[in-house]
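Next, two complexes with chain A in common: one pairs it with chain B, the other with chain C.
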Partner chain A sequence: MNAASLKLTLRVLARRKVFTAISLFGVSFTLATLMVVTSVFDHAFGDHAPDPDSSTTLGVYTMRLSGEHFISSGNPGYGFLDKQVRTLSTPERVVIISQPASGSIYEGGRKFDIQVRNVEPAFWDLTRFRFLEGAPFTADDDSAARQVAVINETTRRRLYGAASAVSRELEFEGRTFRVVGVVRDVSAIQQTTAGDVWFPMGASLSTGDRAELRGGYLGLVKLKSPRDKAAAQAEFATRIKAMQLPGDYKELQSGLDTPFEAVSREMLSDNMGSSHPALLLALAFGVAVLFMLLPAVNLANLAISRALERSAEIGVRKAFGATGRQLIQQLLFENLVLTVLGGVISIPIAALTLALVNRSGLVDYADFGINGRVLAWGLAAAVVFSVISGIYPAWRLSRLEPAEAMRGRAS
Partner chain B sequence: MIRHLLRLAWNRKTKNALLSLELLIAFVVLLVVMILVVAGVTYVRLPLGYDYRDVMAVEIRDDITGDDTFSEEQRQHTNTMLVAMRTLPGVVHVAGCLSPPMGNGGNQWRVDGDHGRVVDFNFEEVTDDFAETMDIKVVSGRWFSHEDDASPDYAVVVNRRLALQALGDPNPIGRDLLGDAKYEPGQRHLMVVGVIDDYRKGGELGLPGNFLFFRKSLDNPKDRPPNAMVIEFDPSRRDGLEKRIEDAARATAPGWGFSVKPLAAYRAQALRIRLAPALLTGIVALFLLAMVAMGLAGVFWQSIAQRRSEVGVRRAAGATARGIVWQIVGEVWAMVTLVVVIGLILALQLPLFGVAQMIGVSVFVVAVVAAVVLIYLLAGLAALAPAALAARIQPADALRTE
Partner chain C sequence: MIQMESVEKVYRTDRIETIALSDISLSIAKGEFVSIMGPSGCGKSTLLNIMGLLDRPSKGRVKLNGQDVGGSGDRALASARNKSIGFIFQSFHLIPDLSVIDNVEIPLLYRSVSASERKRRAAAALDRVGLSARKQHFPSQLSGGQQQRVAVARALVGTPDLLLADEPTGNLDSHTGEEVMSLLTSLSKDDGSTVVMVTHDAGMASRTQRTIRLFDGRQVH
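Presenting the complex of A and B:
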């Protein structure tokens, strides 16, 4: 395809402005919706600071304990992570953090609801937080069980206004903590790093939690190199198989996962014994194609009707020896130009929608946006959309009888 | 006339296959939207069965290891805490439960009833003060009390829906919820002591369902202490209440964690969680339908432009402008009718998958009817502008070009 055919295509599109506008509306709305969804996925599972480097960090996110008559599933507990995961030999280091828990800070007679996490000090080395002031708490703070805290910028503003927060105090659960650092807000969709206030594990771990097998914690596992992934997973699998389970528990299922693998383990595996990320991805693509079906059929109908108007042109080209294949190529190309044009229009629409979602408060500290990965997926979606909406009309029009078509009698 | 139009639509079935497919998918989209809308409107109007206003919920993060093993000391902590709450200024009633209403926690149970029936319900374990604290209305029988202390069975209070579904009896006081079902030796029976109007734990937008209360006895050393408390307060003494509650709770159980929030906050969160996905689906669906309407209008426009001479002949033969409009809209509706027939056949498969039972059969029927009406409206609206254009065709003009 060359510049001439592009020019011709644009001419054709400009000739029937209403049809083109209706088609573009459908294309850009469809692609914008897909891009918005892709952006949300990308922020949940993609490599976004301050999450740990995704190529060398795995996590123990989910666990399922089953007995004869009961099943208990959710997050792993501190005791399990401490005894079974920390002692693995393949990883470079293991960091245990708690899930966010809601709590309240009372300051100046007012109550502030916050999400609190207890983390081991190595958490700050593993993650890529930017400190707006102060510094993270240290291994010394942790082992001495010092009551110190890192807060995010929104909590700083709510508690202390515009003033600096380092060395200020906050009261939580009847204890007084000293603020040592302030970090940027993190979108609540980033499950390993989201939170308002972080306390050192040493000052906050309860005796009950210390021995707990299941519930409330996550283990982040840092590998020496990305190549160690399979070895670490195998070691972990052997480890949990060999575990002595207390009480009536018969079986324990868990895995060393990326966040996406963890979700696929929860959604697609009956007993969480295995993870099927490829299947989950395929399902997501399936849903996307299903969503594109109605817009594609709509666009195909419009394309057929628009092209029937040009049946005389098609008839002439056929009469002068154009092959069906050439005609299919031309019509597919026209459709591709239309879809890519719609794709370009869809970028600002998607950006605007994401800005609205960010402001809606649906997700705390949401910072959804469009990045290179989202754009690349958007482009791929545009091409797929162009093919599924263009192939049938192109095939049907290429089969017109030249004589009939020239008389404008095509149907 | 109608039969003629239907035959016309049938004759064009291959030519209109893609258009019909578009209408069919649009019908499915409409059906989904209508199910959401009708279910939402229906559920919002059903009574909750309790009063969430002026109630504070306290979730307790105790230091109990495992789900069921606890020490007598831990149990005593919770009991002292409940007593301490009652003495706080501004507090009216206090009760213990597993998780506060409107929250996202929930417990389900499925048991075999008699005659092969399966009885399933959501349940909650509560202390005797729960009904008073939450203003739950008992419609027959009674709420839990010390009378149940000596009972060898589980005393249970059920909602009316569960009573009717399990036993077909709106007033099954003193009956076993599972009827004549066989119990394993040592298994405790579920004896109904009271029936309540309802308890919609999920809030206004939660699915209405079967609900059952177990009694949690604070005096029984084998009962696990409550994981949460609900505290009814005097709204005129609301200021600083959360802090008073949290401080008093901590004084009785040092080292435990507490989350103190008004139930109104739980409700706002529950509404947000349920409404947001429905709203997003709705917005996307609206855009899809707008796109379909515009697309159909474009296609009809084109097909009428091709039939100018036919319209001209009809006009010359005496058809009125109104007649032409009705003919075109009628042709479109005939095509929609064929689509609706297929769509209904598909929709009627849904009850097989339990969709209708889950959302309620009446909601399902209303949603299907609404979707059918709307697909006719949508297609009719898309045909109207092109049809009006066709009605303006002058016979002389149209026939001259032939």
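Presenting the complex of A and C:
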């Protein structure tokens, strides 16, 4: 296919305005929807600041404990992470943080609902937060159990308006904390870093929590190099297998995962004994293809009726030496051009939809947008969509005898 | 050039079987100018289509340049149509979205010919039919006679051994019909091309070397 083919395709599309408009609407709507879903997926599992570098950071997100008559799944406890994960030899370092918990801050007689996290001071080194003012709390703050806090920019605005927040005080659960830093808001979909207020672990951790096997924590494991992933996972698997479990617990299943692997472990593994990221990705692809199937069939129908209008042209091309294969290539190319045009139109539609989602408050601090990865997936979806919708009409037309094709309609 | 032996063409639907051609045997030598005549619906175009490998016979054998094309696949048939045969149709069958020169280039698109060589040969073919000034026009901008001359240029741009013309003057007035007929005569006489032409017009048929007559799908003498 060359510039002349592209010119001919664009001319055909311009001449059949109604067909082109209907097709572009269907293609762009379908691809825009896929790009919106891809963007959400990318923000949840892609490499986005301030989450830690995904190539060298794994996490212990979930665990499953089972006994003779019970099964219990949830987040690991501080005690488990401290004893079994922090002591692994492969990782460079391990940072324990709590899952976000709902709480309330009282300021000037008003109550503000917030999401609170307790984090170890190394959390600030591992993550890529941008401080708008102040600085993170330190190891000294943590070990001295100082009542200090880092807040996000929305909490600063809600509590103190446009004024600086550093050194101001906030009241949480009857205790007074001093603000030491302010960071940018983080989308609630970024589970490792999302939150409104961060307190030092040392100021919040109870003696009971320090020993708990189960609880609302997660362990972030920083590797020296991405190549250490398998070794770290194997070491952790050996470690939990050898663990002496208290009470009636017979078995513990967990894993050292990326966030996506953790989701696949929870969704697709019967006993959380293994993660299946490839299977989960394949399922997501399957759903995407199914989603594209109905509009693709509609487009194929339209393409058949449009191509039947051009059956005389197909006949002429065959009469002068085109093979069925060359005609399939030509018709698929034309369909690809149409789909790519639909893809280009879908970009602003998807961007607008994501901007509306960001403003809707459906996800706190949502910052969905279209980046290179989302665009690449969108392009791949356009090509898949083009093949699904174009292959049957192209094959059917290419099989016509030339005389039969020319009888269709004279040009 | 062409041999047909006991060729039959039957169109079948669920209920009806229509015999379009029955027991046709004929031979056309290289360089001959032959016309096919007969009333409407007698199978003239069907015969021409089978001769030009645009349709397959239900029975019988067709040989082109001594080669039986009966069992040929899509690629072999496409190659034979591309290299050996040029078609001229009653309703021109020009592609409306392509310019005149792009229409004429079509047979060369399916050969390994560079874009510049395609343009050069298409321009030469248009020059031969007296339309070099209309290269960049579109078919809808031309008269019927001009469109048919473009179709003739397209048929001869690939220098085929055999030209098949299905009522080439049927949609033209007598003056432009005469122009097209003169072109075909010149191709036969001057270039030695084999030309087979379907026509209703006894006057046009009389200018060919031989006439094959059909009636109800059968050859009559």
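The criterion applied here is as follows: the second predicted complex is superposed on the first by the 408 of 411 C-alpha atoms of A that agree within 3 Å, B and C clash if a C-alpha of one lies under 4 Å from a C-alpha of the other, contacts with A are read in each partner's own complex, and residues count from 1 in each chain.
Going forward, contacts are C-beta pairs under 8 Å (C-beta built on N, C-alpha and C of every residue); 3 or more make two chains touch, one makes a residue touch a chain.
Treat the numbers as computed from the prediction; the structure is a model and nothing was measured.
Applying the stated contact rule after C-alpha superposition, one finds that A:G324 touches chain C and leaves chain B untouched. In the superposition on chain A, A:E401 makes contact with chain C only, while chain B stays out of contact range.
Looking at the shared chain after the overlay, A:A4 reaches chain C, while chain B stays out of its contact range.
With both structures placed on the common chain, the touch criterion links A:I349 to neither chain B nor chain C. Counting the residues of chain A that each partner touches, chain B and chain C differ, and the larger count belongs to B.
Judged by the touch definition given at the top, the superposed model places A:V12 against chain C, while chain B stays out of reach.
Once chain A of one complex is fitted onto chain A of the other, the partner contacts of A:T207 are limited to chain B, with no touch recorded for chain C.
Residues 411 of chain A are contacted both by chain B in one complex and by chain C in the other.
Across the interface of their complex, chain B is touched by residues 18-19, 22, 25-26, 29, 33, 72, 101-104, 106, 109, 111, 113, 173-174, 206-209, 211-213, 247, 293-295, 297-302, 304-306, 308-309, 362, 392, 408, 411 of chain A.
Contacts from chain B toward chain A in the complex involve residues 15, 18-19, 21-22, 25-26, 29, 61-67, 240, 242-243, 246-247, 250, 254-255, 257-261, 265, 272, 276, 284, 287-288, 291-292, 294-299, 301-303, 305-306.
Within the complex formed with chain C, the residues of chain A that make contact are 2, 4, 8, 11-12, 15, 312-313, 315-326, 401-404, 406, 410-411.
The residues of chain C lying in touch with chain A in their complex are 46, 49, 52, 54-56, 74-75, 78-79, 81-83, 87, 89, 91-98, 102, 106-107, 109-111, 115, 139, 154, 158.
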